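Order of writing sets the labels: A, B, C and D. Residues in every chain begin at 1.
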Amino acid sequence: MQVGLIGLGKMGFNLALNMKDHGHRVIGYNRSPGAVKKAEAEGIAGVYSLDKLVEKLAPRRVLWLMVPAGKPVDDTIEKLIPLLDEHDIIIDGGNSNYKDTLARYRKLREKGIDFVDVGTSGGTEGARYGACTMIGAEDSVFSYLEPLFRDICVEGGYLHTGPSGSGHFVKMVHNGVEYGMMQAIGEGFEILEKSLFDLNYREIARVWNHGSVIRSWLMELTEKAFAGDPKLEKIKGVIHSSGEGLWTVQEALELQVPVPVIAQALFMRYRSEQEDTFSGKVVAALRNRFGGHAVEEKQPD
Amino acid sequence: MQVGLIGLGKMGFNLALNMKDHGHRVIGYNRSPGAVKKAEAEGIAGVYSLDKLVEKLAPRRVLWLMVPAGKPVDDTIEKLIPLLDEHDIIIDGGNSNYKDTLARYRKLREKGIDFVDVGTSGGTEGARYGACTMIGAEDSVFSYLEPLFRDICVEGGYLHTGPSGSGHFVKMVHNGVEYGMMQAIGEGFEILEKSLFDLNYREIARVWNHGSVIRSWLMELTEKAFAGDPKLEKIKGVIHSSGEGLWTVQEALELQVPVPVIAQALFMRYRSEQEDTFSGKVVAALRNRFGGHAVEEKQPD
Amino acid sequence: MQVGLIGLGKMGFNLALNMKDHGHRVIGYNRSPGAVKKAEAEGIAGVYSLDKLVEKLAPRRVLWLMVPAGKPVDDTIEKLIPLLDEHDIIIDGGNSNYKDTLARYRKLREKGIDFVDVGTSGGTEGARYGACTMIGAEDSVFSYLEPLFRDICVEGGYLHTGPSGSGHFVKMVHNGVEYGMMQAIGEGFEILEKSLFDLNYREIARVWNHGSVIRSWLMELTEKAFAGDPKLEKIKGVIHSSGEGLWTVQEALELQVPVPVIAQALFMRYRSEQEDTFSGKVVAALRNRFGGHAVEEKQPD
Amino acid sequence: MQVGLIGLGKMGFNLALNMKDHGHRVIGYNRSPGAVKKAEAEGIAGVYSLDKLVEKLAPRRVLWLMVPAGKPVDDTIEKLIPLLDEHDIIIDGGNSNYKDTLARYRKLREKGIDFVDVGTSGGTEGARYGACTMIGAEDSVFSYLEPLFRDICVEGGYLHTGPSGSGHFVKMVHNGVEYGMMQAIGEGFEILEKSLFDLNYREIARVWNHGSVIRSWLMELTEKAFAGDPKLEKIKGVIHSSGEGLWTVQEALELQVPVPVIAQALFMRYRSEQEDTFSGKVVAALRNRFGGHAVEEKQPD
């Protein structure tokens, strides 16, 4: 299949190589030309404008977007619309909010352009050697693209989740579960670290991956992390987040689904980004007021 | 009533003055003599040994302990036992764990000494001008002491909660509720502080105390805290804890009572005492492993 | 002051009486005429259409909306716009989302109509005998209305929180804090109820209101609740919610403020509305799969 | 190796078969003779008393306990002590609390008996075909037993975690992480179930196991659960627990480690066992008191 891949960042670049390995003709485009050059060096055909990209693709064109969620997706779609023919296909393979996806789908359907949302998991390694994809699409469009998904995913690693939006929705929830799992692992190791025993975290992660109930890819990565830095002394425990955990909690709130674990995992990320908290100041001040408990005073900078 | 008050710290000292104001003959003792001297300067009779204290009290002696929970309570009781007569009364007015109280009660009952547990709330100000007490005691012992409780508490501010242990138990749960309330207030003000509006926290605490659903003494203290430091710039949000919140959660766990709010309030205190977290490092390392997300590196000291 | 009060439900009706008691000339309107009749029986002037209401008010008209949040507010405003003159004032005294308030303010400003948001706390009793109000308004509009607020609120119980939207915003956060406080109280009493002691909940709530750190109006209400039903045997623990707790958590998420306590309080409400949970089924099924732990089978209806 | 296996329940029975498959001479004992008979039917040598068991084993005897945590472990050890010789080995392969393990180790060391704690994960299937074991033991005792562990565990699936107690400790934390992971999965599927999409849960669990970040054994089990009951309509969402999650949270509290996710997972289990809650009644009663919000009345039985 011929694919125009827009966005050659970590994920897009790896996906392009993955497609190429499976015999697909990928033409790569990136807003900043450096990434195109890097792709060309790896044998990916590159172009330096969207016009050129569309021109080079034969209809029924397949354009796979791998750009940051939000405005970049909208901007790219806006630019593509006048260039495309009816039933050309735009795939959004990024982490878009499924509500945006639904709106884009409706807009593109009016223009006669097919729109597919693909939630892509497995990290950069998955993108390169076998991803996991959750695909929201009309049946006929999915069927048309299925050979591509079969090739770039691990065996069994793609699913037509349902109509437009469902791919990004299922991927969003996947990430919410991921937040909870990761925080659970983090908490477990912090208990180990504070315990009276002198434990080897890497070995524990390793043994937990061999036959235990919690064996998982995340635990494999935990082992690797400890292999490189046995007590994680080189890094800070600051955990950023890119949106999908937040959206999962927001969705749960709208649906009135109690998600204490996923929400706490998110809050602990936010907390990790704070050096000090206003809530903590209020509580410390209150303790001082009623019990005369000492407060820690801020040192002048 | 004649009362031997053991422990003249913030709470004990204020209680002694409170008792004296109401015509009770207080004799104060403290392990370190400085506190006794300070009490004497305020007109409280002082002694410099437990023997002297017991000697000066006429039977049926009443000994009110206001010493830190744990070993200091046990040590004091051990020293008192050989000095006391049958049906003398030891009152533990501190924040002891109610399970320790039950054990002490059983031990002292065998010696014929009456033991009463008093959970004391209201902070140092309450101790001085009208406390709130929750009293675990045998009926006849409670009746004997009731005039004292009536005098030193605000009107309506004492309760015979039941048999031995129940006073400290109810006080423990009181503090658990307090943890949850304080954290709720803290979270609310942090939202205000991060909002797009430029708000006057002191004025908001003030208006919330005049007719709103959440009017409360804690909100009055919140107003005072902001009166002294409008944005709490002078203090750090580090929240220590003295045990009763922890015990409340431990008790809830044993009783299989879900206490998400009280437990989270406790966890946020523990979190506030950490500069960095091992759990956060683990999660940050995992994100880096699967998604190539940057980690924040620790700077060499 | 002459006030057109739109919406004579529990809160609006009580506010009308409150205003009348303080010498304001209230004209009441309600969509369903029954509530108007009830108000007239209490000496409130009533009208049966918005046109009539506006006609009866002399400019600078003051229209106080006390209608459910959302569409009813928008519908009422839409109907009022063509009837009003420049600098007439619409007050939204209900629990509107502050973002809706901001949008309405912008829209009405274009029409030259002044718009004020009033967060009203204190329950139905407060509405009747002295409310607590948080007021978002332009300075000059607030000044014009201040005598009204002074009269209907308890002393000290009104605050000009800032520009448009801030009144509803501060009230929203107030309710978030309320959720956390209430859940903390609930958890505390559940521990008491499961404990080995045979406790008198009403008496405990009473004593906690006399001098303790957690004395509060909510604890007074707790005492009253137990006075009427000592073990709350007559009611179910199903806790509905009307939106502001949800909005508080949503706002916190957008601002990246960790609100574990307020969020958990909300989740426990949602959980209380569920008879069974899908999440619980999944976990139970998993335990069964790996450990052979028995699952509870659903009985056929 | 010759092994006396005490306790032929689900786990013990499978472990016995597993050992036998690998050429170890297992002699099985169970308090109730039925389980011994069942084991004999599978070719396991059986005995009907502990005396007989010890008699049949040649020193250095290895006795592997697979009995319920708590009293059964203590009772069995008490009965074994007078029967054993110095440096015979007792292995506790069950889910004992590591603090009990430490006490038992100290007691047995005084008697000259070696004691080893083995945390066993992988469920009944793992016990049968390859477990995951975390082993607390003195070095020389571990070395003596290592061939046995190598045989009965999956490749890489055993670890000498450290001295006595550490095996059960690490297993306890493992289960805490498991609680968090399972609740995260449960919450995710509940969001899917409440969503506007009509999703195939089994297929989603399947695709998440092929290349996604959250691929894991628990997700494989999730797929199997949905394979047998696509919407889990046959079971109730009641989640019991057997102690290790509770202990993990208790340990975290003692170590002052914030574990919001593991604790919430535990609380949601407790909550699932409640039909109604006292905390919910209190909050519902409060809402009724201040806002006139309707409460749901309990129907007479």
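By our rule, contacts are C-beta pairs under 8 Å (C-beta built on N, C-alpha and C of every residue); 3 or more make two chains touch, one makes a residue touch a chain.
Treat the numbers as computed from the prediction; the structure is a model and nothing was measured.
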Duplicate of the B-C contact set - from C-D, A-B or A-D, the pair where over half of the pairs recur: A-D
Remotest chain, subunit D as reference, centres from CA atoms: C
Whole-Å separation of chain centres (CA-atom averages), subunit A against subunit B: 47
Approximate Å spacing (C-alpha centroids) for the pair subunit A, subunit C: 39
Junction residues of subunit C - those touching two or more other chains: 122-123, 183, 185, 187, 190, 194, 213, 217-218, 256-260, 264, 267-268, 271, 277, 279, 290
For the subunit C and subunit B complex, residues of the former touching the latter: 121-123, 126, 130-134, 153-159, 161-163, 165-166, 169-170, 173-181, 183-185, 187-188, 190-192, 194-195, 197-200, 203-204, 206-219, 248, 251-252, 255-262, 264-265, 267-268
Subunit A partner contacts - residues on subunit B that touch it in the complex: 10, 122-125, 182-183, 185-187, 189-190, 193-194, 217-218, 221-222, 224-225, 229, 232-240, 242, 260, 264, 268-269, 271-272, 276-293, 295-298
Residue ranges of subunit A touching subunit C (in the complex, touch as defined): 213, 246, 249-250, 253, 256-260, 263-264, 266-268, 270-271, 273-274, 277, 279, 290
